[in-house]
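One chain, chain A, appears in both complexes that follow, with chain B as partner in the first and chain C in the second.
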Partner chain A sequence: MSDTLPSRALYALIAALMMALLPHLLTLPPWLALLIIAVPVWRASLVYRGKALPSRWLRYALMLALLALVFWQFRTLIGRSGGVAMLVSLIAIKLLETHGRRDAAVLTLLGYFASGAMFLVSQSFWMLLWALATAVALTTQLMAWQRRSDRFERDEAWRALRMLAEATPVILLLFLLFPRLSGPLWSMPEDRGGASSGLSDVMSPGSFTNLALDDSPAFRVSFDGEAPPVSTMYWRGPVFERFDGRNWQQLHDDTGVRPTAIAVGPTVRYSMLMEPNERSWLLALDLPVRWPERTRLTSRFQLVADAPLTQRRRVDIVSSPGWHAREPDAVLRRNLDLPASGNPKARALARQWQTLSAPARVDAAQQWLRAGRFSYSLTPPLLPGPDPVDDLLFTTREGFCEHYAGAFVFLMRAAGVPARVVGGYLGGERNAGGDYWLVRQADAHAWTEVWLDDRGWQRVDPTAAIAPNRINQGLAQSVTDAARLPGVLRNEAPWLKGLRQHWDATVFQWNRWVIGYDAQRQMQLLNRLGIDALASMAFIGWFAALVLTLLAGYAVMQRWRSRPPPRDAAMRSWLRFIAKLDRAGIAAYPGETPTALIQRATGALPGHRDALDAIARCYLAARYGEDHAALDELRTRVRTLRLSRAP
Partner chain B sequence: MSHPLQPVLTQLNRVILGKEKPIRLAVAGLLARGHLLLEDLPGVGKTTLAHAIAATLGLRFSRVQFTSDLLPADLLGVSVYERDSGRFRFHHGPVFTQVLLADEINRAPPKTQSALLEAMEEHQVSVDGETYALPEPFFVIATQNPQHQIGTFPLPESQLDRFLMRLELGYPGHEAERAMLTGEGRRELVAQLAPMCDQATLANAQRDASAIRIAPPLLDYIQALAAATRHHERFACGLSPRALIGLVAATRAWAWLDGRDHAIPEDVQAVFPAIAGHRLLSRASGRPDALAAVELLDTVAIP
Partner chain C sequence: MLRWLRSRWQREQTRRHPPASVVALKHNRIYVLPTLFGAIYAATAVLVLIGAINYQLSLAYLFAFVLIGLGHAALLQSYRNLLKIELRTLATEPVFAGDTAHFPVSLSNPGKPPRRALNLSLRGHPASWIEAIDRDDTAIAHLPVATLARGWLGMPTMRIDTAYPSGWCKAWSYANLDARCLVYPQPEANAPPFHGENGDRGQRRVRGDDDFAGLRNYVPGDTPRQIAWKQFARLDALLVRQDDRVEGQTWLFDWHTLPELGTEARLSRLTAWVLAAEAAGDRYALALPGTTLPRGRGPAHRHACLRALALFGQTPS
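Up next, the complex of A and B:
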């Protein structure tokens, strides 16, 4: 029973565990989280009121009930949500049978595990701070009860902090050098169902309008050197080529013939940090000429990754704003396709331009839009009729980018100019402090490309004809009903904007340098350090060898530091001293302690009192206090001792 | 040389005059978490010392006068049927305290003496199949009269082994006795004693004392002493491993009281007679042979 944990240690354990569990609890449904929290609170109240633990049967029943509830909620006990819920429940239940140090040790380990698992919830900077605080709390309470003392001294928290500080170089070293695999080591059973936002692979009326209300970040970009003008920042996403009368879709069939693209003029070099989403699209500027591994350029000049961006990913890209392409005829023919019927007014309008040259047809259409008193709105009327393009162009005259882009391509195709819709993002918000651009979901945009035989694909943005402000001043300055936008997208107080940008810059740097540090960047770093030609298995081997060597070196150093003095060094000096005493006429008795002997000797040799006392002191300290300095002093003193003969 | 328990020693020495060494040993024994047996003639101040220790350390104290008709239940407590609730309720006995003064322990019959065994060793009490933990710290300070007195039941060896130390006070010196005769009454003095330390200080002192370094040569010495008792023709049996563990703990406590961070042979010699005296029974008489224990110290060489 003496193993029982003092009540204050138990409170500290419960508190530290709650810290470790909190991020997980926040991911659970509130009723389940509250139910789980109730268990530790109950346990703490039992301690407070000095009550006994619940009986074993009650504990089992509680455990089964909680697990059943978890199963009922998640339909599984494994996977990310179910598994975490089960772990959290079991940790809470374990508290109910915890009264001794052994249980507390198990729970402390589980607490460390849970705090490591926090990064499954989020890899944000806040989470790192919270995990560190949790580690300090866990270590503090661990030290408190390991000392078998009920007193919590401030120095325990300090020692925990100091241990953390001492571990920091190791953390950094492991972060930089621990072999990173280019793919995930195992695939986490991911829960689907969280509504995903972002660009969709079908452009239907309203799909961009909905995004305009979403102020969450899509990606952040930092340019190497001068950033291009914001009005040319068209971040290219999916290309929509097929029109079914209502929706625009991508074509996934490849004609087998690749377009050729020629980049001319200066290039832009930039690094994008993509927020996770379910797509594999990397939103590059036209025209990417260099891109990282595990990504490719499609025949529609869209940059895509080999796998969906389920994690934040940093990509370095070089683009050439000046370019022209040569397309196979099949592709151009496809970009003239229209449904067989529908939208007669639009077709009639386009027919009027057929006598003009292709560039003139494009200009005419833009001119027509500019003169048509169209308005740019987040809440355009629905177009449920059979001829949505006609209704937009001739009746409602109110729409958002996807409406105008679709209508423009319709007109161009009807006029015999190959054209297609391009989805993506336009512009972004510059963060002056962090020197990067934040592109939000709300910056999603749709524009068009028309094919001019001598110049290739030309970007035409019909929105520019209707709401020119959208291109260079952003959404809030261009739509007619800006009040519907979320706060950050409208006009903010300058100080608030500064604060928000400052914080976003911190997040950006964290994501860029910590989260974005992947296998490829590790390779680059190591290459710069002169470790190249890494076959990764060999690297892992060398790394393991290095770690083992360091650990072994540390162990040897520790042993060397705490080594006992040479077993008999003090004794040899002492025996030499006894011999000198003997010659001086004083013999030691077998059971006589050094102090007693010296007392007797000083009685006989009062002139040597100081020297003899010092020798006794040094001998005791060297032999029994294992004091190296005393040993050295003892040797010197015994060697230099000259005794006169006792009377 | 200064340590947090110095005020305790000073105050005890003010109450029990001229007995520095036994008092220091008693405090060392408590630091080593051991129980004490005070053995001497009636009237030399055994009970006063026990009482003064409890009061000075600020511990809860209860006193049981052991008599030939004392029953285990009188000591440990008893389960009483309560008509109101219809169940048995345990009424805690005087053993549930921090310092138990078992006065004249050898006047009680062996049954009662051994009722203390579990309490001393495990710091818990089992009655009617239920186990009750004792408060911490828990010390037994027992007094007994020399065994040749009439009407005593000598403690069995197993019981003796559970006392870390046996101390004798002896007659006071001339000066001390004179001061006692002229000064205030000892009992009144004890009644006025203020605690000189709190439980946290005591717990810390115990913890720090248990961390005192004992170098291998000193352990060699302790084992050599034990080996000498086990192969000695005058003793019926040698020191038990429990006694050695107690010896190490008491040696550390003594060194701690001396303000050192390591123990030296003097510490062993200082506590050895009190620890070995009551455990080494003479082969001839079957009684403790304290004198022979002291003689051992002169014959066993310090390695």
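Up next, the complex of A and C:
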């Protein structure tokens, strides 16, 4: 009895496991997903047709084959992607050898574990809902196994949901108060270097143009206090200093001498919620003066995390928009380097400015760009020739930010002014409802910095000379072919924009408070309660108080549930009637039936026979027939009954 | 020491669960502990938590806590699956020593949610299984007890347990129900046939021809065929024909005729004779020291004889 396989319970188990596997299967290559999904389907069909399980050898062969395929695909069986693929395959194979309740129990536990691993795929709100639904389904089918019968009981799904509701206080308490550790316990080598998104560490013509079509969020920012003007929101990313004639690259060597920077003027305090991008740039505003743990400021004034962002991360930063820096000469010399040859026309142009002072050279170049009728386009012509800068400046005259930034730095270096390209994002979209700024990949931008001896690094954005609207009003207002942009980046109907912003605000709060709830946020929350450490007396006090409150609430609920059932209305009227009889001198005996009592009463009070009979009739109809009209009649009759004292 | 502890425990159990014919399972008499499956489930939740810490997944933290919370809810559910169930004893059927006695117990669910997957057993005896008791419904379980000795068998402490709904924890309670079962002596196997000559006053009746030998008053157990319907119509009283052809012989089974056997062996043999005589349709009387049962026949007489044999030498309780 205990080890038979009820087929309906098995279907329920297979269905619940499919729910647990689905998000993982969607991340696998389609052929592998189909192969894995075929196994439970086969198992279900075997049950349906009443066939026996495949032989042990076939099962082992299948398992080895599946694991070999997973290994071949991922080159590993542990860690994030390979491990999950192996877990999924194991669940599928294990289904082929379910003999009884013990196997069902093991599979159910694997199902719970796979549901927990769903958040490796995504931490969206929907994924949480799906995981909860899966947990409810797994718990529901568990009940059928406990009953050992092959029947569906509809109330069991409700019971599982109810369990989830009962669990909510425990869940919230643990979620808020369980100590969060920062940093991983261990790291899998292959967890690094997944497909990165967003900015790349090489700038080549076209690399920003591709990003301009990507409307996915890069990060969200909420300012503590007044936000700076949008035209100054230059979010600093990679700094490109080496030019090979076509591509701009970062220099990773450190000269050993660090620049000194002095912040002046007011500061801006803000909190950024970074989307995972497998990069370590944190894209702070110039110039960060305070930054969180596990991040550092490089000699190029980039704020970078110690490890690539593999998940959403919140960073609180204080920046100072006004700053001076002193650079070592070696760095400045490097920022004059150009390839030995190439782009002769551009070099000739720059040579004309060499007699001017450095600031005048910068102005002259900007002036030249502004007057040159250049156009700002998402689809500039390719520049395949050996002199791409010349081609851009003198032939095609059509480009995107990275083209102009590269060309401008080329001109500056050729004119003898140290200059470099800075990549990052510009501006963002303010979400009024949520009071934060959304910066998308499409806001990616490239600008330049030039070194002026008396003023240090100065930001110059050549795009401002060519398409001033880009700086103030965003991409859709500035490019010549805005129709190519994805819907949300174009100018859209106000109601649509409002709706979209509302949704994004919800997502932002979700990310901020639920997904971004980390050690730091937990501490913030606890600080508000006057707790400064998890080991403090204050924390223990709060915790004990919370637990006691919960327990007391539960006890009260139990008491309330187990209170005696209210004596129903008919009974109450009847008791009042008995009291009246008692006053008239007729006491009811314990255990006396209503009929017997009435008989005795009419014997003693013959004058009230009709009234007493009516009361008995109404009482019986109201109490046992659940007749509401009889109840009303009973009430009035008892209330108006006037008995003369029995002799 | 151990024995003292055990007897202490028994006394404490009896104090906590006093014998009664109706027992409602109260909240402070229900015990809950996790099962092995529950422990592995908890380990799964901890694994999810470790994953959450390692990959810094806030929602995986949340899900680990969902698993822990579900485990806690399951504990309460198991407990509530037993809470307030009303146990009542029903009448028992006598059995012979060596056979299995069954104590029927009715379980009522006074609440709304159905009670499921209940396991009932008497201490040290096989369990019976109740799949479900629906709202305001009653189920009856027959709890087996192997019998060894004749006499009254008190109902051992009953244990009721359940792992429903999740199997992660087991809730159980004890009840001492006030019920007893009469155990007849074990009938001797292959007992020698009773010899009238050896029996003191075994009488052989003359066989009647076709008419009846007389009428006697109806006693429960007489078959309708034996009832004198003609007389019933006339006298309005149930009479039974004493028909010699059906009746066979009359025996007196006397304790004192078996001096060579020990007490239990004598009782066993007498039991076997009573059963044989009843099966043969004979009338029989039983004489025990201090008790004599007059001649008779039928289930009631049989029960009276077997009861006397079962309780022979035992202080009446």
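Please note the rule applied: the second predicted complex is superposed on the first by the 359 of 647 C-alpha atoms of A that agree within 3 Å, B and C clash if a C-alpha of one lies under 4 Å from a C-alpha of the other, contacts with A are read in each partner's own complex, and residues count from 1 in each chain.
As a convention for this text, a residue touches a chain if its C-beta (ideal position, glycine included) is under 8 Å from a C-beta of that chain, and two chains touch if they have at least 3 such contacts.
Everything numeric here is computed off the predicted structure, so don't read it as measured data.
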First, second, both or neither for A:Met571, with chain B first and chain C second: first
Which of chain B and chain C A:Val70 touches, first, second, both or neither: neither
Contacts of A:Leu620 with chain B and chain C, given as first, second, both or neither: first
Residue contacts with chain A in the superposition, chain B compared against chain C: C
Which of chain B and chain C A:Gly116 touches, first, second, both or neither: second
Chain B versus chain C as contact partner of A:Phe178, first or second or both or neither: second
Partner chain in contact with A:Thr595 - chain B first, chain C second, else both or neither: first
Overlap of chain C and chain B interfaces on chain A (superposed complexes): 1, 147-149
Residue ranges of chain C touching chain A (in the complex, touch as defined): 27, 37, 40-41, 44-45, 47-48, 50-70, 72-74, 76-77, 84, 113-114, 116-117, 129, 131-132, 163-167
Chain A partner contacts - residues on chain B that touch it in the complex: 123-124, 131, 133, 136, 200, 203-204, 207, 213-218, 260-266, 269, 296-302
Interfacial residue positions of chain A with respect to chain B in the complex: 1-2, 4, 147-151, 564, 567, 571, 589-596, 620-621, 623-626
In the complex, chain A residues that touch chain C: 1, 80, 105, 109, 112-113, 115-120, 123, 127-128, 131-132, 135, 139, 142-143, 145-149, 153, 155-156, 159-160, 162-164, 166-171, 174-175, 178, 180-187, 310-311, 514-518, 558, 562
